[in-house]
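When the chains are written out, they are named A, B, C and D in that same order, and each has its own residue count from 1.
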Amino acid sequence: MSRPRDVTNRQLRVGILGATGTVGQRFVQMLEHNPWFTVTALAASDRSQGKRYGDACNWRLPGEMPAAVRDLRVAAPQAPLDCDFVFSSLPADVARESEGAFAAAGYPVISNSSAYRMDRGVPLLIPEVNAEHVALLSGARGFIVTNPNCATIMLALALAPLAERFGIEAVVVTTMQALSGAGYPGVASLDITDNVVPYIAGEEQKIERETLKILGAAFAVSAQCHRVNVVDGHLAAVRVKLARPADPAEVAEAMASFSGPPQRLGLPTAPAKPIIVRSEPDRPQPRLDRDAGGGMSITVGRIARDAVLSHRFVVLGHNTIRGAAGAAILNAELLVAEGLLKA
Amino acid sequence: MSRPRDVTNRQLRVGILGATGTVGQRFVQMLEHNPWFTVTALAASDRSQGKRYGDACNWRLPGEMPAAVRDLRVAAPQAPLDCDFVFSSLPADVARESEGAFAAAGYPVISNSSAYRMDRGVPLLIPEVNAEHVALLSGARGFIVTNPNCATIMLALALAPLAERFGIEAVVVTTMQALSGAGYPGVASLDITDNVVPYIAGEEQKIERETLKILGAAFAVSAQCHRVNVVDGHLAAVRVKLARPADPAEVAEAMASFSGPPQRLGLPTAPAKPIIVRSEPDRPQPRLDRDAGGGMSITVGRIARDAVLSHRFVVLGHNTIRGAAGAAILNAELLVAEGLLKA
Amino acid sequence: MSRPRDVTNRQLRVGILGATGTVGQRFVQMLEHNPWFTVTALAASDRSQGKRYGDACNWRLPGEMPAAVRDLRVAAPQAPLDCDFVFSSLPADVARESEGAFAAAGYPVISNSSAYRMDRGVPLLIPEVNAEHVALLSGARGFIVTNPNCATIMLALALAPLAERFGIEAVVVTTMQALSGAGYPGVASLDITDNVVPYIAGEEQKIERETLKILGAAFAVSAQCHRVNVVDGHLAAVRVKLARPADPAEVAEAMASFSGPPQRLGLPTAPAKPIIVRSEPDRPQPRLDRDAGGGMSITVGRIARDAVLSHRFVVLGHNTIRGAAGAAILNAELLVAEGLLKA
Amino acid sequence: MSRPRDVTNRQLRVGILGATGTVGQRFVQMLEHNPWFTVTALAASDRSQGKRYGDACNWRLPGEMPAAVRDLRVAAPQAPLDCDFVFSSLPADVARESEGAFAAAGYPVISNSSAYRMDRGVPLLIPEVNAEHVALLSGARGFIVTNPNCATIMLALALAPLAERFGIEAVVVTTMQALSGAGYPGVASLDITDNVVPYIAGEEQKIERETLKILGAAFAVSAQCHRVNVVDGHLAAVRVKLARPADPAEVAEAMASFSGPPQRLGLPTAPAKPIIVRSEPDRPQPRLDRDAGGGMSITVGRIARDAVLSHRFVVLGHNTIRGAAGAAILNAELLVAEGLLKA
């Protein structure tokens, strides 16, 4: 294994579009100590333009806002920005125009937004799963690379070793999703205290569509999505119909031993193990397992045979780390390692 | 329709086994104004024996403990008790012996416990669904009648009109269950605050087994159960494979128009509509819908086609009312109306 | 005691300003079965104008929206409205102009808004405490009567018997307030899950000022306010310095025996006991006690001597019933009984 | 400043009494990377004796149990134990006997339990506040040193600079305390979901007594304690009557600039700033501020004049870190630095 650290003789300069939002704040937090990237520009589509980030941003993460970004001025999400490439967590409606314009202006756009995910020429990447999809990029200086929806990432990452080893014929997934997935202010407290909401707009369709694009497959996917009273960490109960017989222990082993390019390449944000398999009967749990692997590992438990499909399990991941900001950062690191992102 | 009110020229005298627990308290609360039953004896398996109920019971329901029971002494759960029949919400381990002994001593036992549910000669009743199962009773003076597990009741009640109208080939159910289902003290707050627990001991098996006994059917059932941070109200995401094609509107109509003997007989605790179908995209929700029909109606929403099975919906019910105490009371009322329970 | 029921040979026709909000919905719910009032007009300052209330209002209370109001059209909060008088729960900024205009146009305005509470000629009423303040009204056909802030009502109601019996020299109150007090969407779930917010804009000043106006007193009041993760029910920890020595049992007795004009007059919404005193060490609690007296009683517990002031207790009340909609309705009923509000 | 690191040419060997509980687990977690201490013995008073810690302990903290302790056998809390000294978080009833026996057997006991806190010859230490109280120790090889109750620590630490700079005449404190303060299983979820409990057994007395012992003062203290739905982080609303006039800015400055022996000595677990003063109107908040300074800093906000006493503020601290395990560890580090604890 050749460590790619030396591909960057200096840090890449990063802009963040949507920097004041829930995911934007995660970008800022996760990039504070990233060895390859340094934040040099911040932009947002809201009223914060022109203000210092320290004044504009209602910082909602535990811990202090990193000192290095406090005095950056929040710009409009329009080129030019003083950076080598941009991360984006713009709202989908704004993202379509803004991200397209950045790409046209020659900026690589590493996006967490849903706007371009299903576009034919846009890779929808989970680096452990379908790193080869970067081949979709045309070679233009500006381009868009996306990561999946927060709930889709956990599901697709958990399914990837099963698709590879056993084949998949159908998937039934029921999600219990965290509040931070809806942004800020997002879900009203009166809607979720002592409650569950069995609806997240557009989410079921995203999961059903994006999973197939990532896995390059064509099986049936059924998703039912719920919002639960949890700060961070999406949980999903999954049934899967495998194409070949498999003992539950084999399923567990396929997941536990799974790894991909991020691990091989030693990408800075890559977790040692993308999938942690636990054997306790009551795990994974959001509060206890969401931060596994710095929030970049997903945790799977309760693997068993299923009476209707063929197997079942429960999967959990940190929705704003592995499911959003961390996903995009890992995508960017992959592109650096592959020589597609440079200063 | 002959109103059965006149079958009781006086109220039946009721004992409650397990009277100090979460479900026992619901029995006490729901029976306060029941026109057919009056509580004359209270028993518990815990340290409360010999004390006044007002002293022994840590009353955890909103509102005051009914005045009429405060001075009753809590007895051991052993015959004789000063009553015509008993309700039981004893823990399963105690219930096996105690309920059996009461039945042997000639008491009808209307039980919410799991101990006898799967016994061949014991009806597992939802009065709207399988009232005819009372025929299992041998005619002995003492007998046991049970109601299903709290999560099973909602599921089986929602499935009943579909089984009847379209036939069912498979069911996949994912539950998000309330805290009161685990009794008191039950779930530790540290286990569920900002969290979901993907495990309830024995629950998945109960749902899979009991559903088939109630519906008298033999399709495959897959249940995954979760505890969520909700006080009352079990929610379940359901996929079902129907035997015959059905437009979602037909499914909704079959549920909304469903009723059974409790409605025909005008049983005191029967809701006007056993199944309320809602069309909003984000309902049912536990906090908003659990008290529908006095807690005796279940609420179904999000009825749609499903990509893997054939249809999907979300169902909610109040777990300690329709799912426990109210279920047993409705069973007892059915037995009164059928002449099987008398003074 | 002359029952005032006969003062109304027909129901008064009521308009609700701010009808789509959290308190507006409570007005609608509480008035459904009120014997004196019937809702004939609904108004709101938001985008709902012109729509059917059934379509405009995102009904957030358990249970169904009353059928009688569904087809009413939501008007702008401007006179004329088809009603004998108006209840108002408009936001303070809108209320100043709108309520003033209604009063000028000859409508009695029974307001829950803060806009006019401290105005010299406007009664700030708790009918059990300072019913005589209606004398402030000039006799004009249109007028404004207000009720206090939701947290102030509980405090002032609990203090009233102490002020009367022992005299008060100072009050220190620390509130833990419910989410519904902030309206809808109000508090973001990400701000309050696994959290407490030690700040409610303007609240401390309101409590300090309004308490003195209601009690017609001039002692020092110190309030610190917190938002906690509770749906309904404001809790307050209170220390009070009484002017005369008092045994805690005397304090309890003064509170428990307290009543006022609403009880004497038998007003429809009056609770039998305005103050319920509990002796358990761990009461009152929001979830268990907020609905006492139909939400119109406050509950006091933990009465004891205090090492710094002279006495302490904890008080709880339902913030959208006794603290808002119910407060205004009781005010209106008092005015009817006193002949100040008529068709 | 002389760094005391060299006082330990090797790590001290540590036993933990009460190792399986909530605070015991925090000891294990915090000691994993402590440069001066290494865990060599674990003891508990429950059924876990004789088992591997990895099997005996239901690990409830986010992240994995440290590998180094998994295979340690859980012993009874009786001497001899294979260690140089013990930390104790035994329940108070067990602690009295067990800690006394360990001290008698020549072990230094650094205790988080309440059993010996008020004993005359036992230092009740907050190292930043009253490090000089170690002089109470007699010089015997075995001894007991305690830290205050979790809520008292935050209060006393916040008051210390005010006592020193301005003098204190009275304190009124109202706490909103986290679930982890009650241990595991501790508070039942049904007791705290959508609720506040205005009672914590013995807590108010502990705060009133311990604060005075620590500060060596004799002013009046009034404490009212509440349990709120927060995982970690005790919040307290404080009013204080200062002996000398002080501008709120001076109060803030006194707190923000406060430090003590742990900072001077560079103790490994000492936070850079014991008291962080924030100026936002809505801070501190448990979820956002409890981990400040690795959980060893307290955070103070909302400093202002008070109408009844003289000043007010809100203070927050992590109850199982600064308020328990971290407090004891800092005490032990102080004793090492002072030469009172050695191999």
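Methods note: a contact is a pair of C-beta atoms (placed from the backbone, for glycine too) under 8 Å apart; a residue touches a chain by one contact, two chains touch by 3 or more.
None of the values given here were measured: they were computed from a predicted structure.
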item: Which of A-D and A-C has more C-beta contact pairs; value: A-C
item: Per Cα centroids, the chain farthest from chain C; value: A
item: For chain A paired with chain D, centre-to-centre distance based on mean C-alpha positions, whole Å; value: 38
item: Intercentroid distance (Cα basis), chain C paired with chain A, Å; value: 47
item: Shared-contact residues (touching 2 or more other chains) in chain C; value: 60, 193-194, 229-231, 287-288
item: Chain D-touching residues of chain B, taken from the complex the two chains share; value: 22, 60, 179-180, 184-194, 229-231
item: In the complex, chain D residues that touch chain C; value: 170-172, 174, 176, 193-199, 208, 220-222, 224, 226, 228-231, 235, 237, 239, 281-288, 301-302, 306-309, 312, 314
item: Interface residues, chain A side, partner chain D - complex; value: 60-63, 193-194, 231, 287-292
